[in-house]
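I've put the structures underneath this note.
Across the two complexes that follow, subunit A remains constant while its partner is subunit B and subsequently subunit C.
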Partner chain A sequence: MLNFTDSKICQPLSDNYDDLISRCLNGEVAAEYQLYHRIVPKMYGICLRYGGNETEAKDILQNGFMLLFRHLNQFRFEGSFEGWVQRIFVTTAVNYYRKNLKFRWAVEYTDSGEDKGLKEDALSALSTKDLLSIIQGLPGGCRVIFNMHVIENYEHKEIAGMLGISTGNSKSQLHRAKILIKQRLQEMEKERCLIMLHERK
Partner chain B sequence: MSEKIDFKANDEGGLDQLMRKTMAGYRVEPRPGLWKGISRKLLWKEIIHFNFTNLSPKFWIAGTTALLIVATTLYIGFPGAATDNVTTNPVVNIPAGLSAGHPAATSSVLIPASSKPVHNENAITGTRPAQVPASEKPTKSAIEAEQIALASVSGRQKKSTGILTVEAESAFVSEVAGENKLSSTGDNGLTTYSGITPVKPCKAMLLSISPMPDTIITIHTPTGILKVRKTGPAAVQFFSANLGITPEIAFYGGSDEYTRTNYWLNGGITYHISRFSIASGIDLGYVYDEGKYGVEYKSRDSIGYFNGVTSYTVGSNNEIIYNTQVIGVYDSLQHLAGASVRNRYTYLQVPLLLGYRFFESNRISLTFQAGPAVSVLLGSHKEEPAVDYRNARIISVDNNTPSRIQTNWQILANIYFEMRLNKKLSFYMEPSFKYYLKPMVTQENVTFRPPWTIGLGVGIQFNFGNKKTSP
Partner chain C sequence: MKENDPIEHKFRQSFSNFEEEPPSGVWENLQKELHPPLQPGNIWIRTAAFFHLTGKSVVYSIALGGAALGFFVSVAYLALRDRHTIRGHAYSGNVRLHNGSAELFEVADNTIPWDSATHYRSAIIDNYGHFRFAKIRPGKYMLRIAPDRNSEPAKNFLPAWYEQCEDADSCKLIIISNQDISLEVHLIPKIK
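So, the complex of A and B:
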């Protein structure tokens, strides 16, 4: 009598998204799970960037998958499927924040002019986890715009259209985000120096 | 995740580039339980956002047929539906001598002794009530009609009171007594008379109750035929709950045709109004199916033999005698074998059935029920294949079991046979037929047909609440 683990007996993952999508459209639950399993690490990464914490990220992730499976039949099998899914998740994240942070968009940010330079090696000591925590530490509006503009390469016009704000507002929010990031980096640099001093002592 | 990044802060666009390069491809594996929540939500969304436009033509054909059946049944069967003009017909008075206190009044149909048989144009057309003047004496034939009507109907009445409406399909002809000839029919046990003059229906107020609503009792009189329809306590309304079990045989079609026995635990609630009912509930189903696995293994197998010389001897005539031995030749051979297991599935089914009670007597009733049902796969228990090949090395085990579809819609129809044990409790039995709108399983490159099932449900039914009647 031999024991088989699930990984041995389950069907191998399909390499082709088209096949998986077709099976999902036929209502095959196993295919839905396979599709989820393949794309979830990247999408969860996006959700963590847009979400302020893990709970919000999970909410966005769930909403995103709901939206994805509901509109899967709209995929035309042209271009990158992952790119298409990514747009769905970004839209979901944006909608999530539009719902929850609507009142904040009206506040125009005024630049304080505070933009201190960073040391040459300020960024070199950072890990991905540190960067994520910096992004997550940004206020909701700034975080969404920073993600959209800097990481997803959306233009300010597009961002303004998607969020229902003015282009100027989008720019100022981005500017504010960058300043906050630099401030946070400086703080982290200080903390690092203090730790190093403490260790030397 | 924790790798260090080599970037300079004051490079041109250093921060942006750093963020883009690092975070654009950022991947994190979420906790395994997350999919459960998503799949559960997906399931509910599918149920809530059930879209009729996605359904196959079969569903539309079945739905339209069911709708037509219900509409026809409603038109034909609903009390008073086909006799709306009855209220405009003449009212026959209850005779003074036969009031509610009269021994016959509580259990008999009362045909007015005082009413002169309707023989005028007004009565026929029903434009005004045919109140017969008191001065007019009833004729002999009219009295006979009353007596016969009493005799005919009394045998079918129950001990309760209510108001019945009589529709007479013939008028009472006053001067035909002499012409009436007695004849009998063996079919219904009632006595019939000839000499009948058919006219339009008239209406009479009666004191009587039939065990069944909407019962039409035909009364044969010397002057015509009376049809008595109970219109008083017509719309009986009450709830009932039932609990039972249904074993069913499922016929799976497609490239591989086979049958399986499923078992359902049924719990339901039914709202009855008159002869109609609407039923729903929750059924838990135990369904099993065969899990198929392809096992690839290598084993050391015999591929032949040869006679090997073990020794030889030289005989007396210098001949050489070889001593041989049969030696088997073995090689490692690759095999492909099949293994099957019994997979068990649990389904939740929610039916919505419309029913029409087409037969009812004191003890038993028969109801036809039909409607849609949705079944949802709640859980599955998949066995592992027992692969036990001696001297074998397993290379791979492929699961070739078709995947079960999470949600499926069916059309359900049954004949609900109810036997009343007492006022509150009944025993029921329901032969049923179920047709799935899409296959229950799916697999790549394999075509499956929607299955259908026949079952026989048995259980008990509780009737609770008072049977409310509409006024």
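So, the complex of A and C:
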């Protein structure tokens, strides 16, 4: 796709987002390519958290970049560009699930002593990859709300507004997500203990 | 910040700067969408080649085009024929709701309706509390109404599911089979 013999594309690399954005708005494919490569690892990280698997994450990533490049002229060159892009990707992920997701409306989940047996070191031993697999294993609605509230720091009221659900529903979905995560952590801890026992033998 | 929960803390800390290289092909797909190749001459060349190679006349192509158009019109007619309207009024207490929103959710599952509800369409509730969803296909639906966030009714009433339920679990399903439907929905008074 990219022809590196094109004079436009052979322009020097730029570290400045403002300059890159201006060049993108002028239709320079090279600038779009640079911008894409600078932000794509972080945005794909977001997409992986919101997507249930790599295919969904790839779909969200693609939709997010389409939205970004088509609405780049709406960036006002005020505040953080990365923050603005991040909001676009979160909105894209939310819309992706809003279209496809089947929410369990206003179901209350009871807390049944979920802290039992969960050790502090069980958490600290986990890598980001483990945590990602735990998030991806959550049901869609729980996953979106857990990401929005815990990692993106959205309030329940904002989440409810964006997803078209009640605040209570958002809270109960988050509660459910935490219970499922704790259950998964306990399972992983058991697996770890079994492996250690096996290794000692 | 919600730092009390060790799980939240761990996840937040681990994903604050999380980055991952994307799979190949994303940039190429993106470029195809953003800058589709422009080949305006191709369609004429191909059309000319078609007539030249098949020996068909222009009249033949017009007849073919007419048949295709007729086919598409028939399909569109059949698709839209079996559609109905859901209309009604929303109330806050005994008075009609002034401005709000109505959202329609389609239910696919027969056993647990609220588990399979997907957002189908939104409508505005006007000054007279009236809302309308046109060209709705037959099926089961759930309806939710809400007052405008900063309006007077929002201070005293909660959003409601048809007929007057706070939770979707206990709401009444709207079944569209072969008729238009008119209904009334009441917001739920806040308990003070």
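Points worth noting:
The rule is simple: the second predicted complex is superposed on the first by the 174 of 201 C-alpha atoms of A that agree within 3 Å, B and C clash if a C-alpha of one lies under 4 Å from a C-alpha of the other, contacts with A are read in each partner's own complex, and residues count from 1 in each chain.
Keep this in mind: a contact is a pair of C-beta atoms (placed from the backbone, for glycine too) under 8 Å apart; a residue touches a chain by one contact, two chains touch by 3 or more.
Source: prediction; values computed, not measured.
Overlaying the two complexes via subunit A brings subunit B and subunit C into a clash.
In the superposition on chain A, contact of A:45 is made with both subunit B and subunit C. When the shared chain is aligned, subunit C comes close enough to touch A:164, but subunit B does not.
With both structures placed on the common chain, the touch criterion links A:98 to subunit C but leaves subunit B unconnected.
Within the superposed three-chain model, A:77 lies out of touch with both subunit B and subunit C [touch as defined at top]. Once the two complexes are laid over each other on the shared chain, residue contacts for A:26 go to subunit B alone; subunit C is not touched.
Superposing the two complexes on chain A places one of the subunit C stretches 42-50, 96-104 or 168-176 into subunit B: stretch 42-50.
In the superposition on chain A, subunit A positions 1-2, 29, 32-33, 36, 40-42, 44-45, 48-49, 58, 61-62, 65-66, 69-70, 120, 123-124, 126, 128, 131-132, 135, 146, 150-151, 153, 178, 181-182, 185 are in contact with subunit B in one complex as well as with subunit C in the other. On the side of subunit C, the complex with subunit A involves touching residues 1-2, 5-8, 10-12, 14-23, 26-35, 103, 114-119, 159, 166-169.
Residue ranges on subunit B touching subunit A, taken from their complex, read 1-10, 14-16, 18-20, 22-30, 34-35, 37-39, 41-42, 45, 49, 293, 377, 384-388, 394, 396-399, 403-407, 438, 442, 444.
Those residues of subunit A lying in contact with subunit B across their complex are 1-4, 8-11, 19, 23, 26-33, 36-37, 40-42, 44-46, 48-49, 58, 61-62, 65-66, 69-70, 117-129, 131-132, 135, 146, 150-153, 178, 181-182, 185. Per the touch definition, subunit A reaches subunit C in the complex via residues 1-2, 29, 32-33, 36, 40-42, 44-45, 48-49, 54, 58, 61-62, 65-66, 69-70, 98-107, 120, 123-124, 126, 128, 131-132, 135, 146, 150-151, 153, 164, 166, 178, 181-182, 185.
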